[in-house]
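These notes are about the structure you will find just below.
For clarity, chains are labelled A, B, C and D in written order, and residue numbers in each chain start from 1.
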Amino acid sequence: MAGIGVAEMKARLLAGCDAIIAAEERLTEADRAVGDGDHGLAMARGFRAGRQALEEKPAEAVGDLFRHLGMAILTTSGGASGAVFGTFFMSAAKPLAGAEATAPALAEALRAGVEAVQARGGAAPGDKTMIDAVMPAIAAAEGAGGAAEALQAAAEGAAQGAEATKAMLAKAGKARPLGDRALGHVDPGALSLSLFLAALAEPAGDG
Amino acid sequence: MKGKKIINDPERLVPEIIEGLVLAAGGSLAPVPGVNALMRTDMPDEKVGLLIGGGSGHEPMYTAFVGDGLADASVCGNIFAAPTPDIILEATKAVNRGRGVLYVYGNYAGDNMNFDIAAELAAAEGIETRTVRVMDDVAVARHEDRRGIAGAFYQVKVAGAVCREAATLAEAAAAVERARAGLRSVGVAVRAGALPETGEPTFELGDDEIEIGMGAHGEPGVERRASLPSAEELGREMTRLVAEDLPYGSGDRVALLLNNLGASTMMELLIVNRTVRAALGEAGVEVARTDLGPYLTCQEMAGFSLTLMRLDAEIERWLAAPCASPAYSQAG
Amino acid sequence: MKGKKIINDPERLVPEIIEGLVLAAGGSLAPVPGVNALMRTDMPDEKVGLLIGGGSGHEPMYTAFVGDGLADASVCGNIFAAPTPDIILEATKAVNRGRGVLYVYGNYAGDNMNFDIAAELAAAEGIETRTVRVMDDVAVARHEDRRGIAGAFYQVKVAGAVCREAATLAEAAAAVERARAGLRSVGVAVRAGALPETGEPTFELGDDEIEIGMGAHGEPGVERRASLPSAEELGREMTRLVAEDLPYGSGDRVALLLNNLGASTMMELLIVNRTVRAALGEAGVEVARTDLGPYLTCQEMAGFSLTLMRLDAEIERWLAAPCASPAYSQAG
Amino acid sequence: MAGIGVAEMKARLLAGCDAIIAAEERLTEADRAVGDGDHGLAMARGFRAGRQALEEKPAEAVGDLFRHLGMAILTTSGGASGAVFGTFFMSAAKPLAGAEATAPALAEALRAGVEAVQARGGAAPGDKTMIDAVMPAIAAAEGAGGAAEALQAAAEGAAQGAEATKAMLAKAGKARPLGDRALGHVDPGALSLSLFLAALAEPAGDG
């Protein structure tokens, strides 16, 4: 039941950033359907800055990585996603104070992140936001034995959660006034979160 | 249709907007060092600060409404993206003169969260802030979810006058809230504008279609129509949507703003104005002042929005108070 | 691309524009009875009259620049068509206060002929008139053929201040001529606007093409380019075209107008302004004031024009003089 | 060598107006190529008003008809064409003071009209304007015996003159700054004049 150390987590987080950057157009498309069409731009901007912070800033604990990533997103993305994902990663940092992240700590981190997002933005599960991708990720991660397994489970949970947002009416963010026209469309932030977790779940190469 | 814009590096739109605006202002504005924000250079020593802002790409709103009698500073997010908390915090510090800072901005999830984070950071540095969001768009049913559209002009104008004379931040916030209670708008989209970074339209609208109630970023509205109605039909429908919401009625005195969302012509707005005035007149609503032009745009989106603000003697005095800014100036 | 305009009867565009404008002006403007023209309601008894006008469809120019410190009346032709002599004559009579009437309008064959006919008819009725045409467009080589474009704003502003203080018509005309001698502009078209009556674009321009020097009705310019250059390249080129024409040079003090031809964004104009200022700065030209926005549009044409007016102390005072109109107001 | 009386000339002029009104789109197209694309609109507006004036206003002399037509155009067309065609017809009225128009009087009328246009607008032959359609019309009409024949000849001359404007560089009006880009395009006003004269040359039905 090995934990994930700073070096490996850094490599995984970098892969997560790359996944977001690569998905820029897809995310923007998703936001054009239900929002104002800038989600990919904002996310790519934020995660590029996050990538740079991860590479440049010293990290002793795994949580330091999450804090650097969150702070970079918060101060460069802008928009709803900057505040949401920035808050999410910065708050997820707290349960990861050690040099290794265990499975329970990772589940705890996701929970701390989503709770902070809820406190910040007032959205609830079912409102068709990235929260709906995080919730099933937490549930899935909680049952996992090892840290890598937890990330794997979280990724699967997030993917299902993102998919499930298609059936939801938007109640938060720029898609809010869409009403039932948002039906059938995935929430852009939920999609981002699931793509990020999917990349995080891939075992890191020799980064 | 793809956008075709006269720009340089799409990554540097916002700093270049600020640079161009500071130059155009001829000394009355200066950048807030290190962040995408600008402020007046003639800020008095004792004053409740007024900070406005939001995503860029809606020029002149918010960034060009800075000056005496209007905002003390504005913060500029990227195109259609709320500004980040660090920018807001810096600008807050720059305009705080010991009496705290009033935030006025549009009610969008992104703006709300980023300004709220900044407010907490400011509080941690001992700076008091208060927030009165613009939430005039009647196209959204739930009141607390209402977006801030061109009514921002009247709200910023009132806030500018109020913050010039208010003794305390709380007094200023209460006054702006009171004026905001009588502020309602609705927009109509005729053609989409394009995101300058990608050239892609921000929303899809058929060649003949229009959407009544569409938001300033192309957020969906209350009714999509398969064909463009006449100015009279559209003007009546939009007046009805706004007037019935508050409602405005017989004996009310109002300010009327017809805002060009970008690529519509002043010709069209003037033609619509006839109908709006006829409809208001029939309802017994008296128009005390009319503003007509591009106040809050959405890139080169075609369409307009209609705003009414209910007046009393005090609100009317605030609207009429002198002010000077690149976007709007008014003699005393 | 077909036009998509919020209008009623295409045959009644101009009377409806006038009606909407008179309503928006809140009592400061009134129609000239029986013709497509409007005038101020606060016209003083003793004054050299100032009459401006031209084809409609360029709003706010000319029709919305009527008021104290600007024009006394404006005459409105049909869309892009010079007004007819009968309209001009009626408006001339309406603003003549015994000191004669100055005509300021763009130098186009149609306007020249119609105003000249009106001037002869006015003379037959004992009213003296003088004419100072706007002819700022450097895209036309022969000086006497130069079209009148957005420089009209500065010329009307100066004429408004001058006619307020001049003792005689001859004195007023000479002053405006003197200011006009230092007025130069050039435009660039990025996308065509559409005629409201037919919905057809006024000219053909490829999806990527632009045309430097194109006139306000789509009259051809000096250079068509196969692709859109950067704001910096375009701003430099346009500044060069204008600055080399007079020429403006080291030690000159100028007013700078960046006019939105319709569907361009203020964002773009601000970005261009950086470059214009850099280029003028390198040439030693000092910018005393900047105006930026839609002054003379061409329906929803995308593009902008750049205007410089050379200043001396007197011209600067005229530009700075107080004025109030629906299109432009300025404190004293 | 019969002249044309008031009733017949009225019928011919009405036919001329109808020809312009019917050609609205073609004239606008021509102006889109070299000017601002409103020539058809302005001409149709003016000649519709002219049609109405012809039908409603009393005429004792043939010249009265031309005066009514010219005044209507002058006060409704606007633009260059309103001043030009208004001036043209009003000035053409003077040599047609009698109840019948003879061939020499018609040639004289065309000349009076074009001279007034030149005095008004300062354009010269060869500047690519309607003047270039009138000049050959005058020359052709001058050789004609009867009035009907004169109109026939004028129509032919005007058609050739209009055609010849294709080879001219514009020096007046909104096409002026076109330079050699106007080459190959007919001048809209010249086209109008030739279409009008062609309809005028048709023997009137029992109008």
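We take it that a contact is a pair of C-beta atoms (placed from the backbone, for glycine too) under 8 Å apart; a residue touches a chain by one contact, two chains touch by 3 or more.
Every value quoted in this text rests on a predicted model; they were computed, and no experiment measured them.
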Separate pieces, if any, that appear once chain C is removed in thought: A, B | D
Length of the line joining the C-alpha centres of chain A and chain D, rounded to whole Å: 75
Approximate Å spacing (C-alpha centroids) for the pair chain C, chain D: 32
Rounded Å distance between chain B and chain C, as computed from the means of their C-alpha atoms: 28
Topology of the chain contact graph, where touching chains are joined (line, ring, star, complete, other): line
Chains that touch, pairwise: A-B, B-C, C-D
For the chain D and chain C complex, residues of the former touching the latter: 28, 32, 35-38, 41-42, 45, 74-84, 87, 120-121, 123, 172-179, 181
Chain A-facing residues of chain B, complex: 55, 77-86, 108-110, 112-114, 116-117, 139-140, 145, 147, 195, 197-198, 200, 202-204, 215, 217-221
Sites on chain B touched by chain C in the complex: 1-2, 4-8, 13, 16-17, 19-21, 23-26, 56-57, 59-60, 64, 190-191, 196, 207-208, 228, 230-232, 234, 262-274, 277, 287-290, 292-294, 297, 299-300, 302, 304, 322, 324, 326, 329-332
